[in-house]
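Here subunit A shows up in two complexes: once beside subunit B, once beside subunit C.
Up next, the complex of A and B:
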């Protein structure tokens, strides 16, 4: 799976919780742009994990500010797994 | 018989071999010594509901004693502090209890929980380690990088995972505590910039766990506790971990971050293990209700008929949210009579008052205008018809406490008059660690604690209506307005006193953090940019999403001594007297 496809998939998962209707790009930030609280974020983490059948380690989360960074991390974890 | 059909491999609910003793021990080590004679223990589950680890209290004790010998051999002395990154794991439980046998004070600190905010998290850890002058850190291996960054200027004797401590060559002697020695420090309340740790003695801890077990939840022989609450929070640490060990109860834990990902696992484990006691703040019930409405198969495998205590505490209890939970899960056997409202705070170890077991939530409708105290909250300023608020009965104070309601002049009031809640009892903290000044501000010489909460007593029951201090609570986490204001003041052109952080009621009675910022520039695009910058900056520094409202220069109210008055600003804003300008 290319990073573009990963990004698109993650954007699909975010769309239902994108209450502010923010345009979703690789540079969109979870906290400042999407204004997701930490519980909503954890629900999203669960959705991403299920979608890609991976585990996102908790210590990685603080470094992931944007959707693009999450997509990259997902790609890395998927690649490591295979 | 209950207990025969639990998830394979967990510790039993029932144990005929060991008569239950309700925390009547002088110290936590003696409590564990006793629990270790039985078969019950502690179990850890993944977010998907798989059993990860199960330890009897006997196995926990064996490891704890082994750790204590390592700690004393390494040179840790009585009263030294070790910071524990509080992952919900057997390692945390072993380390916390191991410290007790060495009379070293464990200091639970939080894990990260969200996307982004790395710098803020590391600063928080650093501040807490410095505040307690930690000389050791215990963190799971995956946290070592961040711990290292957080402790560059902290002088540590040792830092590592439990296995690293255990690998130390050589064993020292145990250093057992006395009842009036401190047992641990807790940072669940207070400013992140000026953290102060609540210092708890063995005597306070045992008094409180006894009161909560015996009077609060009226523990029975067939009780089993299930919890997702974090160990860095008093309700998780004391309520579900230390209360179960001191009363020899079996307990099932789900890590908080996994619960947040898959909240219904909490209910599934309760169903599978026939859990009887659980605890959560209001939002924890809310998230289950909301998740269940999104998942077609949410009710599969659920049977909540065994739950006899669904305790609620930690922040203001919202009756509407609790009703929605009961309505949603009634079809899988949940009884709303299981709800047990309670009130507590870390400064009292944990519990202060509990409702009546098996009676559910009881409510008083109180006229808003009566909820006076320091906050004459008249939303919209509507004078013509009285507005009512539902206030939850938080029940009777535990027998150890004296409770007083006092007015602004410190005079005791009664007859349902709202005032500040003061308590006195054995569970009240020794003080804030290394911080006599902050301690003096809340704890009088004759040991009365100012809880900072507003409430009233009616027929001996305690009702909490809000906080006298300006604390802002978002999803159960306390935020100090000073921290948010400090972040805002880092922006160019913003001076101390230009901003006030307050909370306002949101659509569903939850609290929404708001910054009132004095700003004189009229240009619309510049105003918009200022609001956007401030919002993002505060988000980065504190992890909080604030509504930013711009108010005219010199419009924020001051006290007579010229200090910013947040409570006045809040009242003026809500009543429309302080007008926000379009941004």
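Up next, the complex of A and C:
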């Protein structure tokens, strides 16, 4: 899977919680742009885990500020698994 | 850059709360009249939010034992359990708790918070997997961030969600699943049998926190794991002295043959002073009291069912369908209603906990009551009446 496909899938998961209608790109940030609260982030992490059949440890989250960084992390975890 | 500026948002959110005559964060108990009553702001107030489940804070035998320990051993140990802070009474208390739980080992910590912090952060190291319920208590989250393990969250009390995550963990990795017998905010029980069975199916070790269930769940009062006959599936059980036991401190019990190693590996156990002898003495007596307190536990359950039914019949929105614990929580629509309800109920003579996000799950605003075995039936009815009067005072519509 290319990172573009990963990015697109993650954007699909974010769209329903994108209450402010912010354009979703690799550089969009979760805190400043999307203004997601911790509860919503938790739900999103679970959705990403189930979509890609991976585990996304919450101790990685502080380093993942943008959608692109999450997509990279997902690709890395998927690659490690295979 | 002022380091304290980062907390301005907390201050702002506090100042936005419309409290006028009382504020839950500044409540001072001027006089404590009994396990269930105090004088606050000059008012006699029923305490319905103090986690004093078994009502043992004024147990005469425990007070006498604590006084004797003060006379015999002084006010404090001034040292860690691994230096000069282990007295004969600390060992006797550990033996008593191990006997109570029927386990080989017990470690006593200086608080329940430290018991979770210590066990969780020490058991799970780099490359291990720590799997926790999304609604876990702060002590479990803090233990998670103190260690270096991969921390995975599953949806609250959701066995399938837990299983999907257990399935994805690499084979051979160390795994610890942490659950609570009763969750402190909504007072709901874990589906503990199903959860522990799935953990064992995937070879995970298990830690069950019985802080809010010890004393009155299970025939012997050991907690929810005993109540559902699944203690054999618990590798570690953690508990506290600050609720049913009526003092302060925490403990962990286990049958693991290497459990005692934790005494020289667990930093929150080693790098703090041990409990004062008076606290140890009262904890020991109160645990012995719990062991023969079937009737007391029975009355607590009756109180819980009576309050739940009374509030539900009055038309309040309950956090759980039935009374699953002595924690009975009422849901309120928003922060405005919650703050006004809390303040008015307080002025009407009943103290409960106002719980709001982020301490609560799903963004709930709660009036959280926790009952005591020492509450009389008449007091339970007074609490119900005060809730109904408060709803009317603030114009909260009820749907009986």
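The criterion applied here is as follows: the second predicted complex is superposed on the first by the 82 of 82 C-alpha atoms of A that agree within 3 Å, B and C clash if a C-alpha of one lies under 4 Å from a C-alpha of the other, contacts with A are read in each partner's own complex, and residues count from 1 in each chain.
By our rule, contacts are C-beta pairs under 8 Å (C-beta built on N, C-alpha and C of every residue); 3 or more make two chains touch, one makes a residue touch a chain.
Values in this document were obtained by computation on a predicted structure and should not be read as measured data.
Novice: State whether A:15 touches subunit B only (first), subunit C only (second), both chains, or neither.
Specialist: Touch status of A:15: no partner.
Novice: So, A:29: does it touch subunit B (first), subunit C (second), both, or neither?
Specialist: first
Novice: Is A:4 contacted by the first partner subunit B, the second partner subunit C, both or neither?
Specialist: neither
Novice: Could you say whether A:57 touches subunit B, subunit C, both of them, or neither, answering first, second, both or neither?
Specialist: In the superposition, A:57 touches subunit B and subunit C alike.
Novice: Which chain, subunit B or subunit C, ends up touching more residues of subunit A in the combined arrangement?
Specialist: Of the two chains, more subunit A residues are contacted by B.
Novice: Check whether A:70 is in contact with subunit B, with subunit C, with both or with neither, and answer first, second, both or neither.
Specialist: first
Novice: Using the superposition on chain A described above, determine whether A:41 touches subunit B (first), subunit C (second), both, or neither.
Specialist: A:41: touches subunit B, not subunit C.
Novice: Which subunit A residues lie in the overlap of the subunit B contact set and the subunit C contact set?
Specialist: 38-39, 42, 45-46, 49, 57-59
Novice: Please give the residue numbers of subunit A that touch subunit C in the complex, ascending.
Specialist: Interface residues on subunit A, with respect to subunit C: 38-39, 42, 45-46, 49-50, 53-55, 57-59.
Novice: Please name which positions on subunit C make contact with subunit A in the complex.
Specialist: 129, 134, 144-145, 148-153, 155, 161, 164-165, 168-169, 357-358, 362-363
Novice: Report the residues of subunit B in contact with subunit A in the complex, numbered from low to high.
Specialist: Touching subunit A from subunit B are residues 47, 111-118, 121, 142-143, 145-146, 257, 260-262, 283, 287, 291, 474-475, 535-536, 539-540, 543, 545.
Novice: If we count contacts the way the header does, which residues on subunit A are in touch with subunit B in the complex?
Specialist: Where subunit A meets subunit B, its residues are 29-32, 35-39, 41-43, 45-46, 49, 57-59, 61-65, 70.
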